[in-house]
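Pasting the structures here.
In the two assemblies presented below, subunit A is common to both, partnered first by subunit B and then by subunit C.
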Partner chain A sequence: MSERLRRHPDMRLTALAGEGVVLHLGSRRYFTVNETGLVILTELENPRTFDELVSAVLEEFEVERHEAEATTRAFLTQCRDAAVVLEAAE
Partner chain B sequence: MTAGPLAPAYRLDCADPVLALALRTWLDESRLEWPGPFAIHASVVDALPEAADPREAFPQPELLIQAGPPDGTVRIRWMPGLAEAVVHATEPRVSVRFTPGAVADLEAAERGFLLVMLLFVLRRIGWYHVHGAALVDPAGRGWMLVGNSRTGKSTTTALLASRGWAVGTDDIAFLRDQGARVGVHGFRSPIALRQGGRELLGAAGGIDLTRRGKTGYLPEELGGRWAPVVVPEIILFPVVGERTGLAPMAPRAVLSALVQWSLWVLFESVHAQEHLDLLGRLAAQSRCYQATVGPDLFRDPTLLQDLLP
Partner chain C sequence: MKLRTDLPLGWRLRAGMAALVIPPLVHVVPMHRLAPRLGAAPGTAPSGPPEGRAAAWVDALLERLPGPWRHTCLKRSAVLYHLFRRTGAPVELWIGVRRGEAGALAAHAWLVRDGEPYLERGEEEIGRFAVIARFPERAGA
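For the complex of A and B:
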């Protein structure tokens, strides 16, 4: 996957002790994220590819690459469904 | 001798003397030390025009709220067509129109409408509302009880006031960045108890809050005192139960609960991040617990302090 992803402009994030809460101002919904989700969303402050996000997860946690890929993929699917992450314009 | 700068204060522009007096009394009795100047233009109109604002309305009890693009204003309508406020997109000023029906029921307007108007105005000068009580224990520690009505918040606040705690507010708290810490400014109003709460406390007298079906007590009437500013160190999210207890919460559960009870963070992109960051900092400076409040607390009001790890 080489597409670059970014945060939706309506997304807001704050963190506490390695976990976080995410707001989507457009839908007025919010949800919480665990440590891995927080790392990914923090990375997405700037556009990132899937591989770059997996690398960030691998740097932060002692997990196998296939685990990091699966976790990142699942989290991004949730984020896209909630419209907090978008494909970045080239 | 030269005069110093005037303290920040509000400007109320209202030609109707009855309404002006009521609004000024309501604002002044809150005893809030306003964080900066703001302006209210209030008028009485025969009827409100049909709303032509195409923005999606966010329904709240008795209210419809519209916010966001394209103009960034916040329009608050008190149903059914009794009053309407339009808060400026960026500046701390609001234009509010009352019908005669609203003027005749200002006690209801204060909590159901004017408070929401005020908290959107105060967002523009750095104060952010949380639905919670703020107190200071005899050891000088700041506490918050955060949650909806019927969670024991006001009754617990009244109980603790009767044991000498200082009270900032029983449910209208404004967060403010105080540099290293987040402080809470309490809107001074009577602690509102239902009959069950009065019986638990054995409280007599009080102010009849007819429309809310409650009786109000200022902290001083219960043996406590008022605290204009509280710096929280302990936050409880209470529920009523059989036996008093405290359970630690995961960080994300704390953040989620604070967002839930500071709902306006989901409005207005221009203020959302600052508001959210204040909630995060408030959580970071505090020990946070899910609290069960039971009848045993009324037999031993030191339980909450004793249960703290």
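For the complex of A and C:
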């Protein structure tokens, strides 16, 4: 997974009491993400590869690499489904 | 039901037109694309009567309109943002989120002028919202 990912341009993010809140300006939907999601989406302010996101999670939380990879992969799948994250143009 | 106001006719027409055109656009155009158009041409409309009267007129209109025009904080804010930016007033439109008493997530939109909530009912509540978007957007934000 060497593709670079970025936030969807319609997405806005803020921190609220330890969790993240995502607002999608296109759909006008908003929802919360957990601390890990907040770290990943904060990183995605600039284009990042999957490995870079996993590294960010490892820096922030005391977890095993395989766990960080699984969590990051699952979160990114949800984000793509919700049109919150997309592939960055080369 | 008759709408009563002492707002000058020109302002009533301008506000009425904005209240008819902008709310449906809020449904289909993401705010970060709509806001630059709403805020375009600052200073091209004459300064009007006290802005509180214009806001009350817009509130009254939206509260009487159905469906896509029905009063919401975002539609109200978008209409007023357009009207006041056109007069050159440096208003901003902010959107915030917070956890309510029962723990439910809630969002709200409001106008800001000189860093303070502007023409907003329940100003004391605004400080409980975490700002998630503001328009005009700042470079790098």
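Rule of thumb we're sticking to: the second predicted complex is superposed on the first by the 89 of 90 C-alpha atoms of A that agree within 3 Å, B and C clash if a C-alpha of one lies under 4 Å from a C-alpha of the other, contacts with A are read in each partner's own complex, and residues count from 1 in each chain.
One rule holds for everything that comes next: a contact is a pair of C-beta atoms (placed from the backbone, for glycine too) under 8 Å apart; a residue touches a chain by one contact, two chains touch by 3 or more.
Note that this is a predicted model, so its numbers are computed, not measured.
Participant: Applying the document's definition of touching, compare subunit B and subunit C: which contacts more of subunit A?
Facilitator: Touching more of subunit A: B.
Participant: For A:12, decide between first (touching subunit B), second (touching subunit C), both and neither.
Facilitator: In the superposition, A:12 contacts both subunit B and subunit C.
Participant: Looking at A:25, would you say it contacts subunit B, subunit C, both, or neither? Reply first, second, both or neither.
Facilitator: It touches subunit B and subunit C both.
Participant: Could you tell me if A:33 is touching subunit B, subunit C, both of them or neither one (first, second, both, neither)?
Facilitator: Touch partner of A:33: subunit B, not subunit C.
Participant: Could you pull out which residues of subunit A sit against subunit B in one structure and against subunit C in the other?
Facilitator: 9-10, 12-17, 21, 23, 25, 28, 30-32
Participant: Which of the residues in subunit C come into contact with subunit A in the complex?
Facilitator: Counting only subunit C, the residues touching subunit A are 30-32, 74, 95, 97-99, 105, 107, 130-133.
Participant: Along subunit A, where are the residues that touch subunit B in the complex?
Facilitator: The touching residues are 9-10, 12-21, 23, 25, 28-34.
Participant: Touching subunit C in the complex: which residues of subunit A?
Facilitator: Spelled out, the residues of subunit A in touch with subunit C are 9-10, 12-17, 21, 23, 25-26, 28, 30-32.
Participant: Under the touch definition given earlier, write down the residues of subunit B that touch subunit A in their complex.
Facilitator: Listed in rising order, the residues are 58, 68, 250-256, 259, 265-269, 272-273, 276-277, 279-280, 283-284.
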